[in-house]
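Naming follows writing order (A, B and C), and every chain is counted from residue 1.
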């Protein structure tokens, strides 16, 4: 009989904090600058320089800790993690070892079997390293070039318990985590720019066994999709080893997106003896009650609370509420719209239909879009007032999306105002009826749906501007009386 | 007691190369220093807090503001090897 | 009296009264340097050109026109800062240490950078990666270390005053050996920003001067809060020169029994006790006291300092600045050969020791234990300073020793036995000359105070200085101009 295995996954996520300056010096954290243009004696580790802690880094770490249900450490400190690598200018990384800022939290995820709690072991603050660019390929390189712009960019590392049981759960955990961090505004969580990075520990054990199997550590997964693919690959690889009676080797493996497989990294010559000790250049951190309360009182509403509120307050279906609260910007857009236009479901429909479609087409984020919730509300009012048809409203929306202009102005400018003047339409209706006697006959014979054709003709003539309800009424009147 | 093997291990950790003859010397010298240091074991420290900072201070911060960085030329002025505005190092694997 | 023989406060008076110009003062000092440097070798780099330009500019401030020497482990923008190491032989920092900025703001002129034991590790300058400095009192003797260049320069009249750094005695011990005044401030009183780190939790910059009043003047200029150093203390700064007045009446002085019962040079002991007696006659109350944990200070020091050093000196890897070995076909080879060729033996020994103390399995037994010992040592001092204003001891167990005399590292470490506890506890201390031994070498007396008690120390030291009227001049470089 085939042995059943249970998958055990734990994640280490590094999130870049959204500060403007680095963790220990005043250099900019902006992404994409010219190599070595955002460095100073401090982040370059020049002899004699000293670190001074950016307060916002601690604020952000505490916010993340509260949102992830952690215990916040009253007494915390920084430690040095010593190892040699050219991207590490001081040959030690300032990190936190035995007194991380936050511990023992959790995230709740939705799984097929219901809601599940994934433990968070710890969150700690640390500095990022620089970037190595290899000349040629890594295996036959003539040298490497080092850019220290990233050095000293603030990170939090969020370490989960080995509570995840599948790639799908892992993805859900990451989605939740990303959503929460983005909601807090502590990280933009952009994986392409490296502001969210994820390493995974994976092992298999026979179903029912208590002890963990031998794990491998997966690195270099640059998107959520890559995380899922790498996990699937690694699980299959480990399962096949175990089924053949072979052993899994404890090692670090790197995900190669092109080859779509994990590859063993040659063991570094360096022994992993980081010789942690308290960073003597930084003083201890003491987080008192009032600091925590101040952070707590400024904590924004989190995705799950917001979703529930949207259902209660606006009577939205759960699905709508889920979509609209996927990002804080989307939810804010919605609420701005609802404030000015009191039919939440109508706002929701427009957002989930037109707005998301246009965002996807344009490949931009909610924040980058020019249209606002207020403008959408104004558009809906124009429909209600009969100023434009709902069909033309889509054109107006698209224009406002593109330009950020207000809908009334667009209607005016493009002459899209609905024709609701009976006198103006009468003539047109008469002409269309006269031009299509066969259709008129059909209608008279009870083929009621044929009326749509006549309406269509009139809309075509007026380029969509005719009030369709009025046109419908006029056609019926004329056919009945005629 | 520190052994020659320990000396080899810590030399590797510290990226120091020590020839055979010096290994003996270092092992003996470090051994003597550690012997001297061992008098600390006579000191009763059960339950004593560790002092990392002699001045009782905490929570020293800077505000999240951008300060001027130095120019790339200045940053690279001391570089033993550079190319394209970056610090150049020998191949990592090779 | 030659200009170079004058203490800073007298030079300042002359400059203020326009009896001499800063340029004339500067010229006098460079002439003196030319005269003695070949014998003393106090300097690594002389900055005659920059100094000349500066002396011709209008200078203002409490140190206007005063020519000073800076220990070569203190960062100076555009001026080589070598730490006497082959690894940094050509390193030119792009920034000034905070103390250098402050000296410049006070109007001082930098004469040059002085020699030291490589990365400040040593007690004789014999560990300099370049050449040893010689003691102006006897050229066959060491000047002490690690700030040996600064102390020798001041003693020889080759600088009006100097900055040194003190991790375990590196200001006070050479000051004692060279017959000058050396002050190690309270940890956190002077910014470390720009001081090339040896042991971060112990390092402190301080003045080396001809007399106590000068020490107060220089301390005034360099002390105070610096936002660039998290460990620098933000508190109101007194004007230290106000303590330059006589008076020890009613001052309570303790003599640590554990120090005086050690086996050390009898002449040193006699001379220090005689000086203490003078203070007693002047009205101080002197008692024997006990510092039981001080015996462990040196052992704790030789864990904490090398451990921090092993991490602080890891950055010298040949990537960003400094020396890079030619053996660099691949990265790890470049790292190892650069460091092996670049560091001297003493530095290597301490890096190895520190690496060992921090390596897995040993942290609790060594580093943690030493930090606990530190707590006890600090508590012992704190306790005593509730009852006593000052503690007095010799600065060093012997006077200056001969080159090569201390070949065993542990013997050399013992030279710091009286100075190290001060760094472990983070308190201030001064060394001032209290006499000569039968070989004609100066003897140093150490006064220690509680945290931020520099004022009291300066006042007692000034009083003693006036009582002793120590006016001897170094034999081997004196005279002829």
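Note that a contact is a pair of C-beta atoms (placed from the backbone, for glycine too) under 8 Å apart; a residue touches a chain by one contact, two chains touch by 3 or more.
Bear in mind the structure is a predicted one, so any value in this text is a computation, not a measurement.
Of all chains shown, B has the CA centroid lying nearest to the centroid of every protein CA atom.
Among the other chains, the CA centroid farthest from that of chain C is the one of A.
Averaged Cα coordinates give chain A a centre that lies 40 Å from the centre of chain B. Chain A and chain C have Cα centroids lying 56 Å from one another.
Computed centre separation for the pair chain B/chain C is 23 angstrom, with centres defined by C-alpha atoms. Shown for chain B are the residues in touch with two or more other chains, namely 9, 13, 15, 52-53, 57, 60, 62, 70, 75, 81, 87, 89-94.
Each of residues 91, 94-95, 201, 227, 230-231, 310, 314, 317, 319-321, 331-332, 335, 355, 359 in chain C touches at least two other chains. Residue positions 41, 44, 52-53, 84, 86, 144, 146, 273, 275, 280, 282-283 of chain A are each in touch with at least two other chains. Listing the residues of chain C that touch chain A in their complex gives 73-75, 81, 83, 88, 91, 93-95, 97, 192-197, 199-201, 227-231, 307-308, 310-311, 314-315, 317, 319-321, 331-332, 335, 355, 358-360, 363, 367.
On the side of chain A, the complex with chain B involves touching residues 19-21, 25-28, 34-41, 44, 52-58, 77, 84, 86, 132-135, 138-148, 266, 271, 273, 275, 278, 280, 282-286. Here chain B touches chain A in the complex through residues 9, 12-13, 15, 52-53, 57-70, 72, 75-76, 81, 83-94, going by the rule given at the top. Interface of chain A with chain C (complex): residues 41, 44-53, 80, 82, 84, 86, 89-92, 144, 146, 269, 273, 275-277, 280-283. Across the complex, chain C meets chain B through its residues 90-92, 94-95, 186-188, 201, 227, 230-231, 233, 293, 295-296, 298-300, 302-303, 310, 314, 317-324, 328-337, 339-340, 343, 348-349, 351-353, 355-356, 359, 366, 368-376, 378, 409-410, 413, 424-427, 451.
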